[in-house]
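There are two complexes below, and they share chain A, which is joined by chain B in the first and by chain C in the second.
And then the complex of A and B:
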């Protein structure tokens, strides 16, 4: 390739990234702000298990308000905004056309954030819709999310329809479909025409699908992009990605009622969800084999690319959390683990070890291309990686064990209820310690992001891969 | 761009299918279930107490459902008979819950009918259960000089009170206890669900 051709290729990419730069950066920066806010809420909620009388003079600081504040800050703040930011950058690259209606996307990001600030404020002040994952106020917060998300979605869908790629790559399927799925489930979940057990069914229809058709689908789209992109190698099998996508679309949507196993719903609903949960083995295996076969023989590349490290770890966690979810839906496991800390551990494998890791990886790749500057310190990236990896591993192991011993104590009616509380206490203490490690990791990441975006950092020069000196993440860049 | 439209339509179709199976059909089946004669609608005070239960996020540690005895021991703990859909006809938002850091509450009014116990427990759970992890809710109570106290007095055990003062339950605390005491689904389950087959 001649110098001129390379310069042209780089210029073409700059033109693709240009219009989406501001909205994507807005989403990324606010996402990391929410990550820090959500971390503080999470730390505080965890600490309340060691010091239940901490701050109880203030209603806003009671566990029952801090815990949903943590969840909502992490889901609608950190994860959603990080995924929207990634989508705003990725979609133009995937369909080879610049982002359309970027000012709508920008406005959408602002509106989404305003709605979230209002919703969390109201939640801490005592106004909750009272449904898990749907606590944000349906009058003063949710409409902002619907409009904000709609504006971003309009910009992304317009770009998708304007693009003329020769081939519609699998990452596009996941991202495009997510922006259709999410509004359907979010609006359904917030309807007020349900009572009693129907309301519970709608609640878990939403909450489970928010994982499957928003967090999971966009994160899988990102994995499908970054692994082949960084390795410079096509995805293992087109047929497998087709199977994985449509099997997920069909089976995942029917999973929600496994959150109510043994509960007062008509049993055919719960049976349907258990069967659909077991069938999830098809898309999970298809995606796992596809990702792994693309990686195989290239694992040494993990040393050179921070993005690949985080994304591959996230892909592995996706397989793990899905298999764990299938087992948890089985009655024999569920009778022990339902209603225990096992579920909290499971959700953190999903939202943290999978989604959050993939988003960290995405940001390591995308931010330099948006900012025009390279991450200043390989050492900080390494610190971030190891702290969050060790933190989440300890978190999950501790709470999983805590959940099992809690569940076994609950299942033995000869033991008083007190026993089921006492056995969890050491594991809850370990969880709080792991939270400290995660918090340090998040602070390092936020500080590093601040340094990239601050003017004066080293401008980035993107060389074609065969000319770039490999950068090892375990050495400080000269 | 027909492939893109095909993708978007297909995605909408799978979601619509799930929506029909898990939301529309159950809604049609369940919306007409009659309230059991023994279950009355919440009074004004109980409804306010329930709103406070929601607002304080009690659901994050307490369920309101007794599960199938074929594979759980919920009933053996004295928490009541398995819950049925008609037990919840007055509940909005539902509070079935997913976590048992604390015990199930669907029959707490029958299991613990002592009003004073509940007031004391809300004021400081560790007075009645030293091992408890439940938050205390001191902001639902107020100290008043013993002579001019009006309202519902909380009887504290010796050593946990204040000299010359009494602890008064706020109207909010009273409503919350009204709600907790109303939680009682010990009547026989309505007939249509009585023979409900067990979940697998």
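And then the complex of A and C:
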């Protein structure tokens, strides 16, 4: 391949990235802003377990409002906007055509953010829909999310149609399907026509599918792109990747009812959900084996590529959280873990160790290609990685143990309820300390992103290929 | 038996059925044919020829033999480094 041909290939990539640059960057920047907001809410909520009287004179700072504010800022702010930004960059690359209707995508990102600001404002003011993962106001906030997501989705699906690719890479399946699934489950979850038990069932239909058909699916699409792309080798088994996607599409929707084990629902419904949850071992194993086998013999690449380091860690966490979820669906385990901190640990393995890590890795790869500037400091990337890795590992271990001892204490009829609270205290303190470590990692990441994007920063000078040389992360440290 | 759960049953069945329809459409369209080509569709010639510093000598030789002489990566090629 001649130097001119390489330059042409690079120029073609720049042309593909061009129209989607602004909407993708808007989503990334606001996502990181929400990450910081959500982190503050999360830290404060965690601190309330050590100092329960903190801020009680101001209702907006009470646990019942701060905790859902943390959850919604992280799910609809950080995770969703980071995933939308990644999708806006990834889809044009995957179908080899520039983003269509970029103004709509831009508008969609703005509208989504407006809805979230309104929703969180109302939430802190005490106006909540009162349903898990659906706390944002269904009249003044949710319509913005539906319209915003619809505008971005229209842009992405239009790009897909314009590309008319003969071969639909598995990442396209995951991402395109997510933008169809999400509005369906979100609108359904917000309908007001359900009553009583049926409403609880629809609530968990939404909440569990938001994880599987939104957060998981786009993150898996990103993993299926970045691992082969950076390693320069195709995915180990494409058939396995298709098996993973279609098994998720066919059966995942059945899973949500396992959150209601022991609840007043027909037992056949719970049992069906448990069986479907166990069946999920098939797509999970397909994805895990595929990712692992693609990496085999190339694990040293993790020293050179921060993107790969975050993404591979996220892929491992996907396997872990899925297997943990399958076991938690079993009634004997659910009997102990239900209503305990175990569930919080489990959801953080999913939304943080899996989704957030994949999004960090994606942003390390995509932002320089959109901004035309490289990340200025390998050292800051290394600090970010180790802080969030240690932070989330300590967080999950502490809350998992805390959840089990809490569950066992709750089941012991000889012990008063207070005993189940007391046994969790040391673990909740460790959780608060780990949250501080995570916060420092997030601040470093946000500061680093600001340095890449700030006006006047020196653009990267691309050396001719024969002079360019990769710089290892540990090289700068040395 | 179905009264407290009819909505969820219909929703789940609808989503599963829609996936089956999408699968049939993909099958008829030929989107699931030729998995080898699909797996390679994200890798262009430059990706395949980039010299990767983590590869063993044998892996690098295999890459060269299969795709041609190695192309030097640009700064930040692997995401995140200078």
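Note that the second predicted complex is superposed on the first by the 462 of 478 C-alpha atoms of A that agree within 3 Å, B and C clash if a C-alpha of one lies under 4 Å from a C-alpha of the other, contacts with A are read in each partner's own complex, and residues count from 1 in each chain.
The definition used in the following text is that a contact is a pair of C-beta atoms (placed from the backbone, for glycine too) under 8 Å apart; a residue touches a chain by one contact, two chains touch by 3 or more.
These numbers were taken from a predicted model, which means no experiment stands behind them.
S.K.: Kindly say whether there is room for both chain B and chain C on chain A in the superposition, answering fit or clash.
M.R.: clash
S.K.: For A:266, decide between first (touching chain B), second (touching chain C), both and neither.
M.R.: The answer is both, since A:266 touches chain B and chain C.
S.K.: With the two complexes superposed on chain A, say which partner A:196 touches: chain B (first), chain C (second), both, or neither.
M.R.: both
S.K.: Between chain B and chain C, whom does A:231 touch in the aligned arrangement: first, second, both, or neither?
M.R.: second
S.K.: Kindly classify A:396 by the partners it touches after superposition: chain B alone (first), chain C alone (second), both, or neither?
M.R.: After superposing on A, A:396 lies clear of both chain B and chain C.
S.K.: Should A:82 be classified as contacting the first partner (chain B), the second (chain C), both, or neither?
M.R.: neither
S.K.: Return first, second, both or neither, reflecting whether A:131 touches chain B, chain C, both chains, or no partner chain.
M.R.: Once the two structures are laid over each other on A, A:131 reaches chain B alone.
S.K.: Should A:205 be classified as contacting the first partner (chain B), the second (chain C), both, or neither?
M.R.: Both partners, chain B and chain C.
S.K.: In the superposed arrangement, which partner chain does A:161 touch: chain B (first), chain C (second), both, or neither?
M.R.: Touch partner of A:161: chain B, not chain C.
S.K.: Quick check for you: in the superposed arrangement, does A:223 touch first (chain B), second (chain C), both or neither?
M.R.: neither
S.K.: Which parts of chain A are touched by chain B and by chain C alike?
M.R.: 168, 177, 181, 184, 188, 194, 196-198, 201-202, 205, 246, 249-250, 253-254, 256-257, 265-266, 269
S.K.: Note which residues of chain A are touching chain B in the complex, please.
M.R.: Residues in contact with chain B: 48-49, 52-53, 56-59, 62-65, 67-68, 126-132, 157, 160-161, 163-164, 168, 172-173, 176-177, 180-181, 184-185, 188, 192-203, 205, 209, 213, 246, 249-250, 253-254, 256-257, 259-267, 269-274, 331-332, 335, 338-340, 343-344, 410-413, 417-418, 420-422, 424.
S.K.: Any idea which chain C residues touch chain A in the complex?
M.R.: 1, 4-8, 11-12, 15-16, 19-20, 22-23, 26, 30-32, 34-50, 52-56, 59, 63, 68, 71-82
S.K.: Quick check: in the complex, which residue numbers of chain B touch chain A?
M.R.: Per the touch definition, chain B meets chain A at residues 1, 3-4, 7-8, 10-12, 14-19, 21-23, 26-27, 29-31, 54-61, 63, 65, 67-68, 71-73, 76-77, 82-85, 87-101, 103, 125-126, 129, 131-139, 196-200.
S.K.: Inside the complex, what are the residues of chain A that reach chain C?
M.R.: By the definition above, chain A touches chain C via 1, 5-6, 9-10, 93-94, 165-171, 177, 181, 184, 188, 194, 196-198, 201-202, 205, 225-226, 228-235, 238-239, 241-242, 246, 249-251, 253-254, 256-257, 265-266, 268-269, 297-298, 300-301, 303-308, 361, 364-365, 368, 374-376, 378, 381, 460, 462-463, 465-473, 476.
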